[in-house]
């Protein structure tokens, strides 16, 4: 198990600020980009973001604000697809 | 990574007030217009807004109030479609 | 861009109180009428309202109370359909 | 436009307490009855209420409590269907 | 119109505590039983309850706790089906 | 009618703590197990729980945490299926 | 029945922090991993997590943040699938 048990999920997100993440939405769309910022409602801003549908690249955005209630999960990515 | 890490997503929205943005709703409809204002619930007002369905222009509005709970994402646009 | 940047979306709604507006609901129904009043949850009351489905007039109401959570967007109308 | 601009939607509902109203739900069902009472969540109690589906009368209730989150709109009726 | 205009919907529910009621859920299921108790979120407990789907009796429960957010409406029943 | 009218639904749940209950979710899945604990949002923990889909046993869990917003109803069971 | 009746569901989750759990989402997807942390909204972070759809392994994540409103249930797993 990881050395330090995180105090709460927000700590996890703080630790990966500025890193490459993947954000999966309810409707299956995935956004891969740098986690610029987030808030308590899981609203997130990604930079140099790429939009994937069924793993196919659809769009690129310099900055995108994703509303928290649409988020299914968020995970850190090793490297860009 | 962008020079200044944003404090929270609202700062991101403040920085693009008055600029051309695209707002995508859950139902797939997209609105491109000038971000006039927004609030904590992501209610947004766009000016000189154009409504697109499947990238096809459907309507134009001088001002439109979009209720926050319908918003999927919001991103800054380089230039009008 | 419009001369005065609105402070928040509610200011936008206050400015168009008493004017002809169109309210679009999630289910596609549109109500065109005079914006009599609204509140923080986007509950709105329209007067001399007309109900449209697929742009076809369905009903007329002297006054109608529309519950906010159903609202997709609201915009000012130039003149009655 | 109506003489007095209502302060907020609740004032509208207070003014039509005890009158014949129609309450339309998300699922299309309509209830026509006397508005006995309501609260901030738009829970409403109708008396001598009649239930309509596709304008066809289905049921009659002496008193019925309708939970607010199901309500699409509410409007004053001139006379019983 | 009923003699005393109810102050709010909760008063209506208090008055029919211990009486036979019908609770209709969003999914169409109906529960007929004695209203034992309820709370502000419309969570209700029915006793000697019978479950109906399309007016067909499906189950009987000595006591059942129904979560409020599923409730469409609640009405007093004259006598058991 | 049951001897003591319950003060509120939570009292009902407290009284059946440690007893065999059935929890029905929105999606039709049913969990039968011992009610270990619950909270104000109807999050419940069941022990020695069995999962049923269309009355067919699917899984067994020593302990399971069920998130409240999925719960349709909860009722006390006489004996294990 | 388990020796100590849990005070509330959060206690249950605290007790299985650092253990192998399975998290089932509304859309049927299951995540098996070590429960690193959680919060009051049931946002959870799993480590060494594996994603299953219809019991078929789809993905592995070193760390994944799952948004609470998607969670159906969470249960402790004996050993990894």
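Labels for the chains are A, B, C, D, E, F and G, by order of writing; each one numbers its residues from 1.
Basically, a contact is a pair of C-beta atoms (placed from the backbone, for glycine too) under 8 Å apart; a residue touches a chain by one contact, two chains touch by 3 or more.
Protein names from UniProt, one per chain: A, B, C, D, E, F, G = U6 snRNA-associated-like-Smprotein LSm6.
What you are looking at is a predicted structure, and each value in this text was computed from that prediction instead of being measured.
K.L.:
Name, by label, each chain that touches both members of the pair chain E and chain G.
P.N.:
Expected: F.
K.L.:
Measure off the straight-line distance from the CA centroid of chain F to the CA centroid of chain G, and report it in whole Å.
P.N.:
About 19 Å, centre to centre.
K.L.:
For chain A and chain E, let me know how many angstrom lie between their CA-based centres, rounded off.
P.N.:
Their C-alpha centroids are separated by 44 Å.
K.L.:
Centroid of chain C to centroid of chain E, CA atoms only: how many Å?
P.N.:
Spacing between the chain centres: roughly 35 Å.
K.L.:
By the touch rule stated above, which residues of chain E touch at least two different other chains?
P.N.:
69
K.L.:
Since the chains close into one ring, what order do they take if you set off from chain B toward chain C?
P.N.:
From chain B, continuing first to chain C, the chains appear as B, C, D, E, F, G, A.
K.L.:
Tell me, which parts of chain B touch chain A in their complex?
P.N.:
1-2, 5-13, 16, 26, 42, 68-69, 71-76
K.L.:
Can you name the residues of chain E that touch chain F in the complex?
P.N.:
Within the complex, chain E touches chain F at residues 17-18, 25, 27, 31, 34, 36-39, 43-45, 47, 61-67, 69-70.
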